[in-house]
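In the two complexes that follow, subunit A is the common piece, with subunit B as its partner first and subunit C second.
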Partner chain A sequence: MESSATYFSGFSLNDLWFLGEAALRTLWISFLAISIGSLIGIFLGLALSVSRIFSFTLGAILDIFRSVPLIIQLVLFFNFAPIIGLRLNPFEAGLIVLTVYTSAYVANVARGGIEAVGIPMRQAARSLGMNYWQDLRYVVWPIGLRAVFPAWVGVALGVMKDSALVSILGYVELLKASQILMTRTQEAILILSIAGAFYFALSYPISYYATRLEQRWSK
Partner chain B sequence: MISISNLYKSYGSLEVLKGIDLNIPKGEVLSVIGSSGSGKSTLLYCINGLEPIQKGQIIVDDIDVHAKETNLNSVRQNMGMVFQQWNSFPHLTVLENVALAPKIVSKLSKSDALEVAEKQLLHVGLGDKLSQYPSALSGGQQQRLAIARALAMEPKCMLFDEATSALDPELVGEVLDTIRLLADEGMTMICVTHEMGFAREVSDRVAFFHEGKIEEINQAEKLFGSPKSKYLQKFLSKVKT
Partner chain C sequence: MDYNFHWRPVFKSLPDLLESAILTLEVAILSMILGIIFGLALSLIRIHVKGPLKWFAISWIELARNTPALLQLFFFGFGLGAFGIHFSPFLIVLMGLTFNNSGYLAENFRGGFNSIPDTQIRASLSLGMNHFQTYTRIIIPQVLRVVYHPMTNQMVWAVLMSSLGMLVGFRELSGETQFFASKTYRIFEYFAATAVIYYVIVKIILGAARLMASRLFKY
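On to the complex of A and B.
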């Protein structure tokens, strides 16, 4: 009994701080990957929606990123990047893979949003004299966004959790930090619970805010 | 005002319009009737430049709509179009729906755009719905909203593409009344319609489309009273029943 008490005392307030810092790194890499990936994804989605050739070729490429497990993409990219002369640290490599992965998902969400608006609605906008970009900005964007916003939130929350896989490259985000502490303290349940709570704390505000926004839109 | 000569339009190998010649002077109300697939709606889409054409010419207000150097966006500002599906913008209030194009296309100030929008909404009888969202409106009201939205651009002519076809029967009247109001005000209009009574009463002339051609065109009373083409006779006997 005494020995296990020593293990338990291995987890201190400092370690909580360590986890908190790691949570910020999870937030940071997720934030960057989701914002940059969404921006790229919206343009890819637009490309998918305008031409069949794009939809076929680009769609096939994006499907690769959607169907190969993220962990394989991370390991492959991190190890092959130096061969083509890219010297990337785990954060950079992880961010790039996570961003591409996000954009592949967002592209299809965005295409869905554009298609949800429909050709007749867009013809109505054009018939009022709006040019292509005004139609996109004032009609397609607001209507399409409302249609696929829940799907986008799902992608964003998914990417936030999937960012845990970047730990395999050695980037000390929330999961990696938890693994380090578990090795030292042997307190897996406690530490994983705390890490889980952190993930929840990061995700919940997003889904809460998203629900509020959807409620406001549906009025 | 609108002058169409030798117009051909195909979708792939399907030829929809086969040599249309049509002149619509300022202030005329022309109704276009005919069975489904006869090319009536396609004609309006070509006039508005929403569909490219294969051959011929469409001149609206001295501008060749399909010429390469033509800025379609500015041409369309002179032509209001109302569709079978009203396509109101669901994220904007009734007032904002109408004010959007004046604001971003005509570059009016926000207050001017709202003023124009309110005026047109009063015009079509939606003055009490300004701050509602389209989802709270009936089909007939949404179609009148679409008419107000087109009118807010102060077009020189209006194109109606089966504006009442998607409406419940009891809502058709209010939309036809609004179109009638515009006709009385002297608006140049082309109405593709299935409402024969309306076409007869409101139009100066009526064109009967058959298989991509104008089979017969005449003053409304003459066309309905003494149809010459046997296709038109057949068509009228079917719709009258």
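On to the complex of A and C.
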């Protein structure tokens, strides 16, 4: 051994394992935020399309989440929670912010879908004897979904990529893990390429499939 | 709730924050101008050119669209740093945003170009215009109409994305906020003020875009 301490150690197989675990955390937080956020967003979209007052007030509130950088929202909420007596770990705080962020975007998409169906179609459904919920379930949902599914995929993939920002709260997801490894091994290109390849491998096939679907449906 | 809000330091440093907001706007606008130039080139290459140049354009576009913006910034910051190429934080953010904007804008432009039927090109050629005239007088004005709205959105995105600058040491609006927040420990107050500033910036951009649209697309 040399007498001087070595500060950096090379990239090893163990580190790949570390990155893999972090990638799972990225998947987990994105999955939760996208599924819960979409569910909330659909109901918000419904509320937006129902009444003018809602679309004005609720729309203005949701607009805030789309006009302020996610990173600011994350820091703001993470520091606001203790003020009102909530003790949240980085995962919980990140999840809450990401979920609200997702629902703000999905609400807009959902409203677009509901409006794409058109009033005459819905009047026809009602005059056939369907009640309000049947109309939503059997007429608005299938038609609206087709209209906005590609847009929804875009939002979901965006949230998956934006989940990288939760790293600022200290949640060790893929990008935070890469940052830690970069500091230790000083092999930035290699590690960033691995992380980038993961995001790309997840995002590219889905967006490709969505574009294909959009083309097929628009024919 | 036993937290005392202290807004005085925020008001005191408001001029500094607003000054850094101008830096945010600067980097966003510059990255947008460069992004339009590169994006136009990439989309034209993707449509008209075959061979390695086309694959270069496609990989640029797809990498920009399918990896997190923060990862792209890290690549320009730490990744190139591994080769001994060091840039100032301003340039890192500018390059990262330009890379990202070009990818998204290229796809918007491609959609715009595809929306113009080939017959128009042939018609204008048969009227004696050359290719350059055809593009500048017939195609581009129509494409601009189609891509105007996505371009406005991208501009908003550029402003929001520039907030990532705080993670690579760039003292734009977010970076400056973090600096003051860690100096005074008034994290919530500072970030709340910054959120408001971002919101106002985004609203101004959207308002200006709407005003410009009503002038540009009168006919």
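Just so it is clear, the second predicted complex is superposed on the first by the 194 of 219 C-alpha atoms of A that agree within 3 Å, B and C clash if a C-alpha of one lies under 4 Å from a C-alpha of the other, contacts with A are read in each partner's own complex, and residues count from 1 in each chain.
Convention: contacts are C-beta pairs under 8 Å (C-beta built on N, C-alpha and C of every residue); 3 or more make two chains touch, one makes a residue touch a chain.
Here the structure is a predicted model, which means the values were calculated and not measured.
Asks: Specify the outcome, clash or fit, for subunit B and subunit C once both structures are aligned onto subunit A.
Replies: In the arrangement built by aligning on subunit A, the partners subunit C and subunit B fit side by side.
Asks: One more residue to check, A:N131. First (subunit B), second (subunit C), both or neither?
Replies: So A:N131 only meets subunit B here.
Asks: Quick check on the superposed pair: does A:M121 touch subunit B, subunit C, both, or neither? Answer first, second, both or neither.
Replies: In the superposed model, A:M121 contacts subunit B only, not subunit C.
Asks: Between subunit B and subunit C, pick out the one touching the greater number of residues of subunit A.
Replies: Result: the larger residue contact count on subunit A belongs to C.
Asks: Who does A:L13 touch here: subunit B (first), subunit C (second), both, or neither?
Replies: A:L13 sits against neither subunit B nor subunit C.
Asks: After lining up the shared chain so the two structures overlap, which partner does A:A60 touch, if you call subunit B first and subunit C second: first, second, both or neither?
Replies: In the superposition, A:A60 touches no partner, neither subunit B nor subunit C.
Asks: What is the angle, as a multiple of 10 degrees, that the CA centres of subunit B and subunit C span when seen from the CA centre of subunit A?
Replies: Result: 100 degrees, to the nearest ten.
Asks: Tell me which partner A:I84 touches in the superposition: subunit B (first), subunit C (second), both or neither.
Replies: second
Asks: Rounded to whole Å, what minimum CA distance do you find between subunit B and subunit C in the overlaid structures?
Replies: Least C-alpha distance after superposition: 22 Å.
Asks: In their shared complex, at which residues does subunit A touch subunit B?
Replies: 120-121, 123-131, 134, 138-139, 142-143, 146, 217, 219
Asks: Subunit C touches which residues of subunit A in the complex?
Replies: Of all residues in subunit A, those touching subunit C are 64, 67-73, 75-76, 79-80, 82-85, 157, 161-162, 164-165, 167-168, 175, 178-179, 182, 186-189, 192, 195-196, 199-200, 203-204, 207.
Asks: For a test of understanding, state which residues of subunit C touch subunit A in their complex under the given definition.
Replies: Those in contact with subunit A are residues 1, 3, 62-63, 65-71, 74-75, 78-79, 81-83, 156, 160-161, 163-164, 166-167, 174, 177, 187-188, 191-192, 194-195, 198-199, 202-203.
Asks: Which residues, counting only subunit B, touch subunit A once they are in their complex?
Replies: It comes out as residues 45, 48, 50, 73-74, 76-77, 79-81, 83, 85, 87, 89-91, 100-101, 104-106, 133, 146, 149-150, 153.
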